[in-house]
Amino acid sequence: MVELVDMVLLGFMAVVAVVVARLRNLFGVVLVSGFFSLLSASMFVVLDAVDVAFTEAAVGAGVATVIMLGTLLLTTSEEKKASGSSLGALLVVLVTGAILVYGTLDMPHYGDPDAPVHHHVAPRYTHDSPEEIGVPNIVTSVLASYRGYDTLGETTVIFTAGLGILLLIGSSFRSRGGRDGDR
Amino acid sequence: MRQQLILRIAAKLFIPFILLFALYVQFHGDYGPGGGFQAGVIFAAAFVLYTLIWGVDEAKRVVSPNLLQVLAALGVLIYAGTGIAGIFLGGTFLDYGVLQHDPVHGQHLGILLVELGVGITVAAVMTSAFLCFAGRKRS
Amino acid sequence: MSALPGLYNYWIVIFLMMTGLFIVISRRNLIKKMVGLSIFQTSVFLLYISMGKITGGTAPIVAGPDTVYSNALPHVLILTAIVVGIATTALGMAIIVRIHEAYGTIEEDEILSQDLQQ
(Lines give C-alpha, C1' and ligand atoms only; values in the text may rest on other atoms or scores of the structure.)
Protein backbone atom coordinates (compact mmCIF):
# COMPACT_ATOMS: atom_id res chain seq x y z
CA MET A 1 0.00 0.00 0.00
CA VAL A 2 2.77 2.40 0.90
CA GLU A 3 4.57 1.48 -2.31
CA LEU A 4 1.44 2.44 -4.24
CA VAL A 5 1.33 5.89 -2.60
CA ASP A 6 5.05 6.20 -3.32
CA MET A 7 4.74 5.38 -7.02
CA VAL A 8 1.64 7.54 -7.57
CA LEU A 9 3.19 10.58 -5.89
CA LEU A 10 6.42 10.26 -7.86
CA GLY A 11 4.52 9.78 -11.13
CA PHE A 12 2.45 12.85 -10.38
CA MET A 13 5.62 14.85 -9.69
CA ALA A 14 7.07 13.77 -13.04
CA VAL A 15 3.95 15.03 -14.84
CA VAL A 16 4.07 18.33 -12.94
CA ALA A 17 7.76 18.83 -13.83
CA VAL A 18 6.98 18.35 -17.54
CA VAL A 19 4.12 20.86 -17.22
CA VAL A 20 6.55 23.43 -15.75
CA ALA A 21 8.87 22.90 -18.71
CA ARG A 22 6.15 23.46 -21.28
CA LEU A 23 4.11 26.27 -19.71
CA ARG A 24 4.88 29.79 -21.02
CA ASN A 25 2.78 31.89 -18.66
CA LEU A 26 5.18 32.60 -15.79
CA PHE A 27 2.41 33.11 -13.26
CA GLY A 28 1.25 29.56 -13.94
CA VAL A 29 4.84 28.31 -13.79
CA VAL A 30 5.36 29.79 -10.31
CA LEU A 31 2.11 28.38 -8.96
CA VAL A 32 2.76 24.93 -10.44
CA SER A 33 6.24 24.93 -8.94
CA GLY A 34 4.66 25.67 -5.55
CA PHE A 35 2.45 22.64 -6.11
CA PHE A 36 5.57 20.62 -6.99
CA SER A 37 7.11 21.61 -3.64
CA LEU A 38 3.94 20.51 -1.84
CA LEU A 39 4.02 17.13 -3.61
CA SER A 40 7.67 16.69 -2.68
CA ALA A 41 6.78 17.52 0.95
CA SER A 42 4.19 14.71 0.87
CA MET A 43 6.82 12.43 -0.62
CA PHE A 44 9.18 13.30 2.24
CA VAL A 45 6.49 12.26 4.75
CA VAL A 46 6.16 8.89 2.97
CA LEU A 47 9.95 8.55 3.28
CA ASP A 48 9.76 9.16 7.09
CA ALA A 49 11.53 12.54 6.88
CA VAL A 50 9.03 14.62 8.84
CA ASP A 51 11.38 17.52 9.69
CA VAL A 52 12.41 17.80 6.07
CA ALA A 53 8.78 17.69 4.92
CA PHE A 54 7.90 20.50 7.32
CA THR A 55 10.77 22.64 6.07
CA GLU A 56 10.09 21.90 2.40
CA ALA A 57 6.39 22.77 2.75
CA ALA A 58 7.11 26.00 4.63
CA VAL A 59 10.06 27.10 2.51
CA GLY A 60 9.37 25.65 -0.93
CA ALA A 61 5.62 26.07 -1.14
CA GLY A 62 5.59 29.19 1.03
CA VAL A 63 8.51 31.58 0.89
CA ALA A 64 9.82 30.59 -2.56
CA THR A 65 6.40 31.04 -4.19
CA VAL A 66 5.89 34.42 -2.51
CA ILE A 67 9.31 35.72 -3.55
CA MET A 68 8.91 34.48 -7.13
CA LEU A 69 5.49 36.18 -7.34
CA GLY A 70 7.10 39.38 -6.09
CA THR A 71 9.72 39.08 -8.81
CA LEU A 72 7.00 38.50 -11.42
CA LEU A 73 5.29 41.68 -10.29
CA LEU A 74 8.51 43.65 -10.87
CA THR A 75 9.39 42.07 -14.23
CA THR A 76 7.38 40.44 -17.02
CA SER A 77 4.80 37.69 -16.71
CA GLU A 78 5.05 35.82 -20.01
CA GLU A 79 7.93 33.91 -21.50
CA LYS A 80 8.89 34.77 -25.06
CA LYS A 81 8.10 32.09 -27.64
CA ALA A 82 11.06 29.76 -28.06
CA SER A 83 12.94 30.21 -31.31
CA GLY A 84 15.23 27.49 -32.55
CA SER A 85 15.07 23.88 -31.51
CA SER A 86 16.09 22.53 -28.13
CA LEU A 87 17.28 19.25 -29.62
CA GLY A 88 20.85 19.72 -28.41
CA ALA A 89 19.70 20.27 -24.82
CA LEU A 90 17.45 17.21 -25.07
CA LEU A 91 20.38 15.11 -26.26
CA VAL A 92 22.63 16.28 -23.41
CA VAL A 93 19.90 15.58 -20.90
CA LEU A 94 19.18 12.09 -22.28
CA VAL A 95 22.86 11.12 -22.24
CA THR A 96 23.30 12.41 -18.67
CA GLY A 97 20.14 10.60 -17.57
CA ALA A 98 21.31 7.36 -19.16
CA ILE A 99 24.67 7.58 -17.39
CA LEU A 100 22.96 8.24 -14.05
CA VAL A 101 20.57 5.30 -14.53
CA TYR A 102 23.56 3.10 -15.33
CA GLY A 103 25.08 4.33 -12.08
CA THR A 104 22.02 3.41 -10.03
CA LEU A 105 22.22 -0.23 -11.11
CA ASP A 106 24.97 -0.60 -8.51
CA MET A 107 23.07 1.04 -5.69
CA PRO A 108 21.40 -0.87 -2.84
CA HIS A 109 17.67 -1.31 -3.27
CA TYR A 110 15.28 1.27 -1.84
CA GLY A 111 14.63 0.56 1.84
CA ASP A 112 17.49 -1.91 2.27
CA PRO A 113 18.58 -1.93 5.95
CA ASP A 114 22.07 -3.18 5.02
CA ALA A 115 22.93 -0.20 2.83
CA PRO A 116 26.36 1.35 3.59
CA VAL A 117 24.77 4.62 4.71
CA HIS A 118 23.34 2.88 7.81
CA HIS A 119 26.68 1.53 9.01
CA HIS A 120 29.16 4.24 9.90
CA VAL A 121 28.30 7.40 11.84
CA ALA A 122 24.50 7.23 11.72
CA PRO A 123 23.95 4.27 14.11
CA ARG A 124 26.22 5.98 16.64
CA TYR A 125 24.03 9.09 16.52
CA THR A 126 20.82 7.06 16.77
CA HIS A 127 22.05 4.96 19.72
CA ASP A 128 23.85 7.61 21.74
CA SER A 129 21.58 10.60 21.24
CA PRO A 130 18.99 9.64 23.93
CA GLU A 131 21.69 9.29 26.64
CA GLU A 132 24.18 11.93 25.62
CA ILE A 133 21.74 14.68 24.70
CA GLY A 134 18.37 13.50 25.99
CA VAL A 135 16.32 15.15 23.26
CA PRO A 136 13.67 12.89 21.65
CA ASN A 137 14.00 14.36 18.14
CA ILE A 138 17.19 12.80 16.78
CA VAL A 139 17.29 15.19 13.82
CA THR A 140 17.34 18.21 16.15
CA SER A 141 20.06 16.69 18.28
CA VAL A 142 22.24 15.97 15.26
CA LEU A 143 21.49 19.34 13.68
CA ALA A 144 22.10 21.48 16.76
CA SER A 145 24.63 19.48 18.72
CA TYR A 146 26.57 16.83 16.83
CA ARG A 147 26.72 18.89 13.62
CA GLY A 148 26.21 22.29 15.20
CA TYR A 149 29.08 23.89 13.31
CA ASP A 150 27.39 23.22 9.96
CA THR A 151 24.22 24.84 11.25
CA LEU A 152 26.21 27.93 12.24
CA GLY A 153 27.47 28.13 8.66
CA GLU A 154 23.93 27.71 7.36
CA THR A 155 22.63 30.54 9.54
CA THR A 156 25.43 32.75 8.26
CA VAL A 157 24.43 31.85 4.68
CA ILE A 158 20.86 32.99 5.34
CA PHE A 159 22.10 36.17 6.94
CA THR A 160 24.38 36.85 3.96
CA ALA A 161 21.54 36.24 1.49
CA GLY A 162 19.35 38.69 3.42
CA LEU A 163 22.20 41.18 3.38
CA GLY A 164 22.57 40.76 -0.39
CA ILE A 165 18.85 41.25 -1.01
CA LEU A 166 18.81 44.37 1.14
CA LEU A 167 21.78 45.79 -0.77
CA LEU A 168 20.35 44.94 -4.21
CA ILE A 169 16.72 45.99 -3.96
CA GLY A 170 16.33 47.36 -0.47
CA SER A 171 16.66 51.08 -1.11
CA SER A 172 12.97 51.81 -0.48
CA PHE A 173 12.96 49.41 2.46
CA ARG A 174 15.82 51.12 4.25
CA SER A 175 14.83 54.74 3.69
CA ARG A 176 11.96 56.58 5.33
CA GLY A 177 8.91 57.02 3.09
CA GLY A 178 10.30 54.99 0.14
CA ARG A 179 11.59 56.32 -3.13
CA ASP A 180 12.04 54.74 -6.54
CA GLY A 181 14.64 52.09 -7.25
CA ASP A 182 18.03 53.66 -7.46
CA ARG A 183 19.66 54.16 -10.84
CA MET B 1 -15.35 47.73 0.35
CA ARG B 2 -17.22 44.77 1.79
CA GLN B 3 -14.58 42.40 0.42
CA GLN B 4 -11.86 44.32 2.20
CA LEU B 5 -13.86 44.03 5.43
CA ILE B 6 -14.06 40.24 5.23
CA LEU B 7 -10.36 39.95 4.43
CA ARG B 8 -9.37 42.25 7.27
CA ILE B 9 -11.45 40.49 9.89
CA ALA B 10 -10.29 37.04 8.76
CA ALA B 11 -6.66 38.19 8.83
CA LYS B 12 -7.11 39.67 12.31
CA LEU B 13 -8.39 36.29 13.46
CA PHE B 14 -5.59 34.32 11.79
CA ILE B 15 -2.46 36.32 12.49
CA PRO B 16 -2.26 35.75 16.28
CA PHE B 17 -2.70 32.00 15.77
CA ILE B 18 0.00 31.93 13.10
CA LEU B 19 2.41 33.69 15.46
CA LEU B 20 1.47 31.34 18.29
CA PHE B 21 1.99 28.32 16.05
CA ALA B 22 5.42 29.66 15.08
CA LEU B 23 6.38 29.88 18.77
CA TYR B 24 5.03 26.37 19.34
CA VAL B 25 7.09 24.95 16.48
CA GLN B 26 10.18 26.79 17.74
CA PHE B 27 10.08 25.46 21.26
CA HIS B 28 8.74 21.97 20.53
CA GLY B 29 11.40 21.20 17.96
CA ASP B 30 12.98 18.94 20.56
CA TYR B 31 9.94 16.70 20.89
CA GLY B 32 8.54 16.54 17.40
CA PRO B 33 9.27 17.90 13.94
CA GLY B 34 10.14 21.55 14.07
CA GLY B 35 12.95 23.78 15.13
CA GLY B 36 14.38 27.14 14.23
CA PHE B 37 14.03 27.21 10.45
CA GLN B 38 10.43 26.15 10.25
CA ALA B 39 9.45 28.51 13.08
CA GLY B 40 11.21 31.46 11.47
CA VAL B 41 9.46 30.90 8.15
CA ILE B 42 6.01 30.57 9.78
CA PHE B 43 6.66 33.74 11.77
CA ALA B 44 7.53 35.57 8.56
CA ALA B 45 4.35 34.20 6.94
CA ALA B 46 2.26 36.05 9.55
CA PHE B 47 3.92 39.32 8.55
CA VAL B 48 3.46 38.52 4.87
CA LEU B 49 -0.29 38.11 5.49
CA TYR B 50 -0.38 41.41 7.34
CA THR B 51 1.44 43.16 4.48
CA LEU B 52 -0.90 41.69 1.86
CA ILE B 53 -3.99 43.08 3.63
CA TRP B 54 -2.77 46.41 5.01
CA GLY B 55 0.04 47.39 2.66
CA VAL B 56 3.79 47.81 2.88
CA ASP B 57 3.75 51.19 4.67
CA GLU B 58 1.56 49.90 7.50
CA ALA B 59 3.76 46.81 7.78
CA LYS B 60 6.85 48.99 8.05
CA ARG B 61 5.16 50.87 10.86
CA VAL B 62 4.43 47.63 12.72
CA VAL B 63 7.96 46.25 12.41
CA SER B 64 10.52 48.88 11.59
CA PRO B 65 13.24 48.07 9.03
CA ASN B 66 15.98 48.94 11.50
CA LEU B 67 14.60 46.42 13.98
CA LEU B 68 14.56 43.71 11.30
CA GLN B 69 18.16 44.38 10.34
CA VAL B 70 19.26 44.30 13.97
CA LEU B 71 17.33 41.07 14.63
CA ALA B 72 18.89 39.36 11.61
CA ALA B 73 22.36 39.99 12.98
CA LEU B 74 21.28 39.26 16.56
CA GLY B 75 20.33 35.68 15.72
CA VAL B 76 23.75 34.84 14.31
CA LEU B 77 25.30 36.61 17.30
CA ILE B 78 23.31 34.46 19.75
CA TYR B 79 24.41 31.32 17.94
CA ALA B 80 28.09 32.23 17.80
CA GLY B 81 27.89 33.63 21.31
CA THR B 82 26.74 30.26 22.64
CA GLY B 83 29.82 28.76 21.04
CA ILE B 84 32.13 31.37 22.52
CA ALA B 85 30.48 30.97 25.94
CA GLY B 86 31.54 27.34 25.78
CA ILE B 87 35.14 28.47 25.36
CA PHE B 88 34.95 30.89 28.30
CA LEU B 89 33.51 28.19 30.58
CA GLY B 90 36.35 25.79 29.88
CA GLY B 91 35.23 23.67 26.93
CA THR B 92 35.77 23.92 23.20
CA PHE B 93 33.84 25.99 20.64
CA LEU B 94 30.14 24.99 20.59
CA ASP B 95 30.65 22.59 23.49
CA TYR B 96 27.29 22.66 25.25
CA GLY B 97 28.23 20.24 28.03
CA VAL B 98 30.03 22.91 30.07
CA LEU B 99 27.16 25.41 30.01
CA GLN B 100 25.47 23.91 33.07
CA HIS B 101 26.34 21.74 36.07
CA ASP B 102 25.36 18.58 34.19
CA PRO B 103 26.27 17.73 30.56
CA VAL B 104 22.73 16.67 29.57
CA HIS B 105 21.20 19.88 30.97
CA GLY B 106 23.95 21.80 29.25
CA GLN B 107 22.99 20.17 25.94
CA HIS B 108 19.36 21.14 26.48
CA LEU B 109 20.27 24.77 27.19
CA GLY B 110 22.69 24.90 24.29
CA ILE B 111 20.19 23.49 21.81
CA LEU B 112 17.51 25.91 23.06
CA LEU B 113 19.75 28.96 22.63
CA VAL B 114 21.05 27.85 19.26
CA GLU B 115 17.62 27.16 17.80
CA LEU B 116 16.44 30.52 19.15
CA GLY B 117 19.25 32.25 17.29
CA VAL B 118 18.40 30.42 14.08
CA GLY B 119 14.69 31.21 14.40
CA ILE B 120 15.29 34.92 14.99
CA THR B 121 17.62 35.25 12.00
CA VAL B 122 15.39 33.30 9.62
CA ALA B 123 12.25 35.25 10.62
CA ALA B 124 13.98 38.61 10.24
CA VAL B 125 15.61 37.75 6.90
CA MET B 126 12.46 36.31 5.33
CA THR B 127 10.32 39.26 6.46
CA SER B 128 12.79 41.87 5.23
CA ALA B 129 13.30 40.03 1.92
CA PHE B 130 9.55 40.01 1.31
CA LEU B 131 9.20 43.69 2.27
CA CYS B 132 12.03 44.58 -0.13
CA PHE B 133 10.30 42.82 -3.02
CA ALA B 134 6.88 44.18 -2.16
CA GLY B 135 7.99 47.76 -1.60
CA ARG B 136 10.07 48.19 -4.72
CA LYS B 137 8.47 50.54 -7.26
CA ARG B 138 8.00 49.14 -10.76
CA SER B 139 10.24 50.84 -13.31
CA MET C 1 12.94 -7.31 -14.10
CA SER C 2 13.64 -7.74 -10.42
CA ALA C 3 15.50 -4.44 -10.15
CA LEU C 4 12.38 -2.45 -11.04
CA PRO C 5 10.58 -2.21 -7.68
CA GLY C 6 13.82 -1.61 -5.79
CA LEU C 7 15.11 1.11 -8.09
CA TYR C 8 11.89 2.72 -9.40
CA ASN C 9 12.25 5.55 -6.89
CA TYR C 10 15.73 6.43 -8.09
CA TRP C 11 14.80 6.35 -11.78
CA ILE C 12 11.83 8.69 -11.37
CA VAL C 13 14.04 11.02 -9.32
CA ILE C 14 16.62 10.96 -12.12
CA PHE C 15 13.83 11.83 -14.58
CA LEU C 16 12.88 14.80 -12.38
CA MET C 17 16.53 15.89 -12.20
CA MET C 18 16.87 15.75 -15.95
CA THR C 19 13.66 17.73 -16.44
CA GLY C 20 15.02 20.45 -14.17
CA LEU C 21 18.35 20.38 -16.00
CA PHE C 22 16.55 20.61 -19.35
CA ILE C 23 14.65 23.70 -18.20
CA VAL C 24 17.90 25.35 -17.05
CA ILE C 25 19.78 24.61 -20.29
CA SER C 26 17.15 25.15 -22.94
CA ARG C 27 14.83 27.91 -21.72
CA ARG C 28 15.95 31.51 -22.15
CA ASN C 29 13.74 33.26 -19.61
CA LEU C 30 15.69 33.87 -16.40
CA ILE C 31 12.77 33.22 -14.05
CA LYS C 32 12.06 29.91 -15.81
CA LYS C 33 15.72 28.96 -15.38
CA MET C 34 15.53 29.64 -11.64
CA VAL C 35 12.35 27.54 -11.34
CA GLY C 36 14.09 24.72 -13.24
CA LEU C 37 17.05 24.97 -10.90
CA SER C 38 14.78 24.69 -7.88
CA ILE C 39 13.11 21.59 -9.41
CA PHE C 40 16.60 20.10 -9.89
CA GLN C 41 17.49 20.84 -6.25
CA THR C 42 14.27 19.33 -4.90
CA SER C 43 14.76 16.12 -6.86
CA VAL C 44 18.33 15.80 -5.53
CA PHE C 45 16.91 16.11 -2.01
CA LEU C 46 14.46 13.29 -2.84
CA LEU C 47 17.38 11.13 -3.98
CA TYR C 48 19.24 11.56 -0.70
CA ILE C 49 16.22 11.04 1.52
CA SER C 50 15.24 7.91 -0.47
CA MET C 51 18.66 6.49 0.33
CA GLY C 52 18.08 6.96 4.05
CA LYS C 53 14.74 5.19 4.25
CA ILE C 54 14.60 1.77 5.92
CA THR C 55 11.65 -0.49 5.10
CA GLY C 56 9.50 -0.82 8.21
CA GLY C 57 11.23 2.10 9.87
CA THR C 58 9.64 5.20 11.29
CA ALA C 59 10.50 8.85 11.71
CA PRO C 60 13.67 9.41 13.78
CA ILE C 61 11.89 10.59 16.93
CA VAL C 62 12.53 8.42 19.98
CA ALA C 63 9.40 6.36 20.67
CA GLY C 64 9.89 3.37 22.93
CA PRO C 65 12.49 0.58 22.73
CA ASP C 66 12.96 -1.79 19.80
CA THR C 67 11.84 0.68 17.14
CA VAL C 68 13.64 0.85 13.81
CA TYR C 69 14.30 4.46 12.86
CA SER C 70 15.03 5.70 9.38
CA ASN C 71 18.49 7.15 9.08
CA ALA C 72 18.58 10.68 10.52
CA LEU C 73 21.82 11.82 8.93
CA PRO C 74 20.50 12.53 5.40
CA HIS C 75 17.61 14.46 6.97
CA VAL C 76 20.02 16.86 8.65
CA LEU C 77 22.08 17.40 5.51
CA ILE C 78 19.01 18.00 3.37
CA LEU C 79 17.55 20.42 5.92
CA THR C 80 20.65 22.56 5.51
CA ALA C 81 20.51 22.16 1.74
CA ILE C 82 16.86 23.29 1.52
CA VAL C 83 17.61 26.44 3.46
CA VAL C 84 20.72 27.25 1.43
CA GLY C 85 18.67 26.63 -1.74
CA ILE C 86 16.02 29.15 -0.77
CA ALA C 87 18.74 31.68 0.13
CA THR C 88 20.31 31.41 -3.32
CA THR C 89 16.89 31.45 -5.03
CA ALA C 90 15.86 34.64 -3.22
CA LEU C 91 19.17 36.31 -4.05
CA GLY C 92 18.87 35.20 -7.68
CA MET C 93 15.40 36.72 -7.88
CA ALA C 94 16.77 40.02 -6.55
CA ILE C 95 19.46 39.97 -9.25
CA ILE C 96 16.79 39.24 -11.90
CA VAL C 97 14.85 42.33 -10.75
CA ARG C 98 17.97 44.48 -11.15
CA ILE C 99 18.72 42.95 -14.55
CA HIS C 100 15.21 43.82 -15.67
CA GLU C 101 15.67 47.39 -14.53
CA ALA C 102 19.00 47.67 -16.34
CA TYR C 103 18.16 45.92 -19.64
CA GLY C 104 14.38 46.12 -19.86
CA THR C 105 14.08 42.39 -20.47
CA ILE C 106 14.73 39.07 -18.77
CA GLU C 107 15.24 36.95 -21.88
CA GLU C 108 18.81 35.75 -22.06
CA ASP C 109 19.34 36.23 -25.82
CA GLU C 110 18.05 39.82 -25.75
CA ILE C 111 20.35 40.62 -22.82
CA LEU C 112 23.36 39.16 -24.63
CA SER C 113 22.57 41.06 -27.84
CA GLN C 114 22.25 44.31 -25.89
CA ASP C 115 25.60 43.64 -24.29
CA LEU C 116 27.23 42.94 -27.66
CA GLN C 117 25.85 46.14 -29.16
CA GLN C 118 27.46 48.35 -26.50
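Chains: A, B and C, in written order; residue numbering restarts at 1 for each.
Everything below uses one rule, namely that contacts are C-beta pairs under 8 Å (C-beta built on N, C-alpha and C of every residue); 3 or more make two chains touch, one makes a residue touch a chain.
Keep in mind that this is a model prediction, so the values were computed, not measured.
With every chain reduced to the mean of its CA atoms, the largest distance from chain B is reached by C. Across A-C and A-B, the chain pair carrying more C-beta contacts is A-C.
In terms of their C-alpha centroids, the spacing between chain B and chain C amounts to 25 Å. For the pair chain A and chain C, the distance between C-alpha centroids works out to 5 Å. Between chain A and chain B, the centres computed from C-alpha atoms are 20 Å apart.
Each of the following residues of chain A touches two or more other chains: 50-51, 55, 59, 63, 67, 70-71, 74, 136-137, 139, 143, 151, 158, 161, 165, 169, 181.
Multi-chain contact residues of chain B, defined as those touching 2 or more other chains: 31-33, 37, 122, 129, 132-133, 136, 139. Within chain C, residues 59, 61, 79, 83, 90, 93-94, 97, 100-101 each touch two or more of the remaining chains. Residues of chain A touching chain C in their complex: 3, 6-7, 10-11, 13-14, 17-18, 20-21, 26, 29-30, 33, 36-37, 40, 43-44, 47-52, 55-56, 59-60, 63-64, 67-68, 70-72, 74-76, 79-80, 82, 86, 89-90, 92-94, 96-97, 100-101, 104-105, 107, 109-113, 115, 117-118, 121-122, 125-126, 129-130, 136-139, 142-143, 147, 150-151, 154, 157-158, 160-161, 164-165, 168-169, 181. Contact residues on chain B toward chain A in their complex (touch as defined above): 25, 29-35, 37-38, 41-42, 44-45, 48, 56-57, 60, 65, 69, 72-73, 75-76, 79-80, 83, 93-94, 96, 103-104, 107-108, 110-111, 114-115, 117-118, 121-122, 124-126, 128-139. Residues 59, 61, 79, 83, 90, 93-94, 97, 100-101 of chain C are the ones that touch chain B when the two sit in their complex. Residues 3, 5-23, 25-29, 31-32, 34-36, 38-39, 42-43, 45-46, 49-55, 57-63, 68-76, 78-80, 82-84, 86-91, 93-98, 100-101, 105-107 of chain C touch chain A in their complex. Remark: chain A residues 50-51, 53-55, 58-59, 62-63, 66-67, 70-71, 73-74, 132-137, 139-141, 143-145, 148-149, 151-152, 155-156, 158-159, 161-163, 165-166, 169-170, 172-174, 178-181 touch chain B in the complex.
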